[in-house]
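First the structure, then my questions, so here it is.
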Amino acid sequence: MSAPIIKVDAISKSFGAFKVLDGLSMQVMPREKLALIGPSGSGKTTILRILMTLERIDGGYIQIDGEQLYHMERNGQLVPADERHLARMRQKIGMVFQLFNLFPHKSVIDNVTLAPMLTKGMPRPAAEKRAMELLDMVGMADKAKAMPAQLSGGQKQRVAIARALALQPKIMLFDEVTSALDPELVEEVLNVLWRLCAETDMTMLLVTHEMGFAHDFADRVLFFDRGKIVEEGKPDEIFRHPKQERTQGFLKKIIAAGHRV
Amino acid sequence: PGSADDSKLEQLKGQGFARVAIANEPPYTAVAADGKVSGAAPDVAREIFKRLGVADIVASISEYGAMIPGLQAGRFDVVTAGLFMKPERCAAVAYSEPVLCDAEAMLVKKGNPKGFKSYEDVAKDTSATIGAPGGGTEEKLALNAGVPRERVIVVPDGQSGLKMVQDGRIDAYSLPVLSINDLMKKANDPNLEVIAPVQGAPVYCDGAAFKKGDEALRDAFDVELVKMKKSGEFAKIIEPYGFSAAAAMSTTRDKLCAAK
Amino acid sequence: MEWDWNFVWQIMPTLIQGVKITILATLLGSVLAAVVGLGIALARRSPNKALSRIVGWAAEFIRGTPLLVQLYFIFYVLPDIGILLPPLVAGVIGLGLHYGTYTAEVYRAGIDNVPRGQWEAAKACNLSARQTWTHIIIPQAIPPMIPALANYFIAMFKETPLLSAITVLELMNQAKSVANTYYRYIEPITLVGAFFLAISLCSVVLLRWLERRYGKIER
Amino acid sequence: MTQWSGYLGLILQGALVTIELTLMGSVLALIMAFLAGMGRLSRFFVLRALATAYIEFFRGTSIFVQLFFAYFVLPLIGLELTPLQAGVLALGLNVGAYAAEVVRGAVQSIGREQHEACIALNLGRWQGLRHVILPQAFLVMLPTFGNNAIELLKATSVVSLISLADLTFQAQVVRAQTGNTMVPFATILVIYFVLALLISWGVRSLERRMARGLDGVRV
Amino acid sequence: MSAPIIKVDAISKSFGAFKVLDGLSMQVMPREKLALIGPSGSGKTTILRILMTLERIDGGYIQIDGEQLYHMERNGQLVPADERHLARMRQKIGMVFQLFNLFPHKSVIDNVTLAPMLTKGMPRPAAEKRAMELLDMVGMADKAKAMPAQLSGGQKQRVAIARALALQPKIMLFDEVTSALDPELVEEVLNVLWRLCAETDMTMLLVTHEMGFAHDFADRVLFFDRGKIVEEGKPDEIFRHPKQERTQGFLKKIIAAGHRV
């Protein structure tokens, strides 16, 4: 068995007096597809944002691909990471946001080529060629010249996925990538995720309220509550035979609300 | 005759005070630390109005430029501010007989480096600038002497003018002699010098200025003024401020208004 | 007092002379205010607490006190410590400093209005701090600011009469001098009002256009 | 140097006039702001046109022109005003025109959905305005009103040009009488700043009081 | 058979050049529970807003409870309704919005009492008594003194329902009242709707994307597309055996997106 690509070790995180994560640990294997589910406010987004280095942690350690994320060695000692270390580590990780966060002043193709050109010094022709391949993959090649404001939510989200892929991260984080979309548009984004899942060997962490999709897509499901992993296991176990009361209650409510599992 | 005019005085008597415009320029006007208005012009006005049966004056300090329009707009009943009599002004307002007389002076750097003696000297030196109050006599004298508009700097008040000479922003600052002397006294600056009187500039006298149409009030004012001049009370009021009563008594409104 | 058209034509060239100075002062003041504002905005965001605190208070002070008094200060008091400025320069500095404290607020709001998601997306794209500023934040922050900046420059234009206090012969000063020479106030002051109104109305049109063109970014 | 204390008294008298002007001007400005601001939102063309004309005119012509008009020209057409009245009138109408746009913007910033909720609950136009829209809009207006009040405070310094004995004017008098420039101007700068701080502090505490329980509402 | 309480007769409505409704007709019987479904942009919200007089219509007639809504008789002629007529007609209709639209500056109970006190001149004690009954019904009595900002989305929506009920309308319109809520909070609002359905004899029109709920709740379902009623019938007919291709396609997509029917 190979080594985990993500190793979260007893991390904690507070916002002011409010402790969101308290000694959370978890491991993710390379190529694993992980679904994170759980009630609102349970800390799912927070853990993804921490992995993307959008937040700092208050304690604990995170290893990505065998290297410390928030720490680095200096003179044989572990010290807090500096911006250069973080920038290097971020190359391994990409993230897609709930609200897309496309750059509104740049065209679709410029959104995708910007980062490779700036951070990897890729020349424009090469970056554009690669961007067109990615846009093709997400079915957005014909909109390459459009501005984000001219796209529907589903289309924006597909561009955002292409943008994150352009940096060829080893790990992709998806935070409720469909929940801001009209129900009819959800499908097209999920289709892209399916393809991605089949065609690449990236490690994927997915926060979602689409239980049906989580079930079919994930190798493993983590159920979060109040900053802790309450239950984890294969999708069938979690969705069909949840052991914990909290999980059962959550799934019952979701089903009552009309979602298919 | 002129019962409408008489009513003006009655009205002032009724309200118990007259509104007087004064300038912020010692020694014509002075404001004591307690806010009380004195100075040669208001003191004369206060005394005469008292004799006319108007108990007091309410003085408000005004820019020179705002005095005549303010009078015309009915903001003041009278202007006693060292507003010198000149034909154009005589056409705009109704003057009393002369009250305060003064010649013109210039404030320059020690040693008078540009050698000014008259406004014409300023006009001749193409690099020279002269400061004067906007709408004041000195501005007109300078312009008439041929100083081009852009070299006549409109200076808002005496202290600013003094400061501008000290800082070398203007080469000369022109005001009546007594005003300049007062400025010099306060500044106590050995690097300055006063040129007085300016050659070729006439001695001017001011008078209390009334609105056109208020001639009856003006005439009543004149009667008391002449009495005071004769009794010597007039001299007692103005001479402590440095003005000469004899100068005021040696000329008349008609002469000054006709002067060219 | 009757309105006298002959008088109007007679004083027009003098007033136009004043308009030129007024416009010149506004233009120079605007450029200075734009630069000063950016400086203040950046200083206030600086991680150096002392710097940001001091600049913050200084800006607050300048904004809370009248431009007129500041102009007196610059023109009449600064020479005491050896700084002697020509009237127009002193005026432009006064305008630029005073309005710089306003434009600083515009810059700040413009930068704050770029959604947090944009900073985060830039980070997720692994852009450096400088790349984030130049490629993501500034291009989005500036266009919506343009109308607000223009607004202040128009306001500045209407405050230029203050410069008459420090002997700048701008429009208002010219009008007063004309009025004092002829003892006629209605025509010069009305004309000054008309000039201001005309230029303001034009600038309102310009502003509307700027708002349409730059007012909002479509997301 | 007993003299100074006397002149300080003079300056404080000026401060009183300045405060008086600011207060009365603010009241007038507030009234005009609501009249014209709501007028611009009226269903009736005439009201809209009147309000727009008022706003554009008073924002378009400089405060100086308005002041000179109120002081010198209105008496010529038979409207006699004391300097204080002229000052309050010009300042109040001028600042009121700016604040009217604040009123309009704040009312419009209250989302359409609040208006629709009023209709769905069958509230009349005035009821909805009075109980739902204005209470929310007022909170949005407050900070900008605070800024407007400070603008007004600073603008009072220009009334010294029509010989109202306000702070700036008294500083000029003291300067002429004592020959000292630095002391009177520095003193009034501090006084203006303290007054401005008082205003912004007052507005902020009012805002806090009114915003209680409304977290998350403010835009 | 009694007379319909809502009779929509060939109405049309455009926004600019865009025709949203074109000759739409429909009838609703008293006490009927109607579900309106259909793709985004099909005009569902528009028809509810027209019934609430939030929009004007360009042509056609609407009768509510036997009276014209947008017209009134004057000298024997039908003329456009004035504000007084509209205000009178609005007494029969209440509406609950997707985004609650509570008055944020008023406490929960003040939100509910405001309209009865202002429009019906109800004295405060009576209005508060009635408001507490309604808040009790929606399970919000204990939050009567709270401000809206302190409530969760589901709680806000329940207050909004109580507020609309306080005017005792004959017809209630619900526009996607759950779609702005976190999945876990949906249930509590649907529960309130269930109670309402069982306990009152109001006519209810409900726009929703919760197909499961629409199925169980409605007496009749209307499927909208491009401003037309494409198909209508009993819930079982529509959801199990849709006849129209458009309906079939829509339901398939919704199911793929993870919603239960």
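Letters are used for the chains, namely A, B, C, D and E, taken in the order the chains are written, and counting of residues starts over at 1 for each.
One rule holds in what follows: a residue touches a chain if its C-beta (ideal position, glycine included) is under 8 Å from a C-beta of that chain, and two chains touch if they have at least 3 such contacts.
Everything quoted here is computed from the prediction, not taken from an experiment.
Counting hops only between chains that touch, chain B reaches chain E in a minimum of 2. By count of C-beta pairs in contact, C-D exceeds the other of the chain pairs C-D and D-E. When chain centres are defined as mean Cα coordinates, B lies farthest from chain A.
If you average the CA atoms of chain B and of chain D, the two centres end up 38 Å from each other.
Distance between chain A and chain C, defined via averaged C-alpha coordinates, is recorded as 47 Å. Chain C and chain E, compared by their mean Cα positions, are separated by 52 Å. One simple way to say how far apart two chains are is to compare their mean CA positions; for chain B and chain C this gives 39 Å. Contact of a single residue of chain D with at least two other chains is seen at positions 72-73, 76, 181.
Contact with two or more other chains is made by residues 1, 76, 185 of chain C.
Pairwise chain contacts present here: A-C, A-E, B-C, B-D, C-D, D-E [touch as defined]. Considering their complex, residues 64-65, 68-69, 72, 88-89, 92, 131, 134-135, 139-140, 150, 153-156, 159-160, 163-164, 166-169 of chain B touch chain C. Residue ranges of chain A in contact with chain E, taken from their complex: 39-40, 182-184, 186-187, 190, 209-213, 250, 253-260.
For chain A in complex with chain C, the touching residues are 49, 52-54, 83, 87, 90-91, 93-95, 97, 99, 101-105, 114-115, 118-119, 147-149, 163-164, 167.
Residues 115, 117-118, 120-121, 123-129, 131, 135-136, 139-140, 217-219 of chain C are the ones touching chain A in the complex. The part of chain D that touches chain E in the complex is made up of residues 113-114, 116-117, 119-125, 127, 131-132, 135-136, 139, 213-217.
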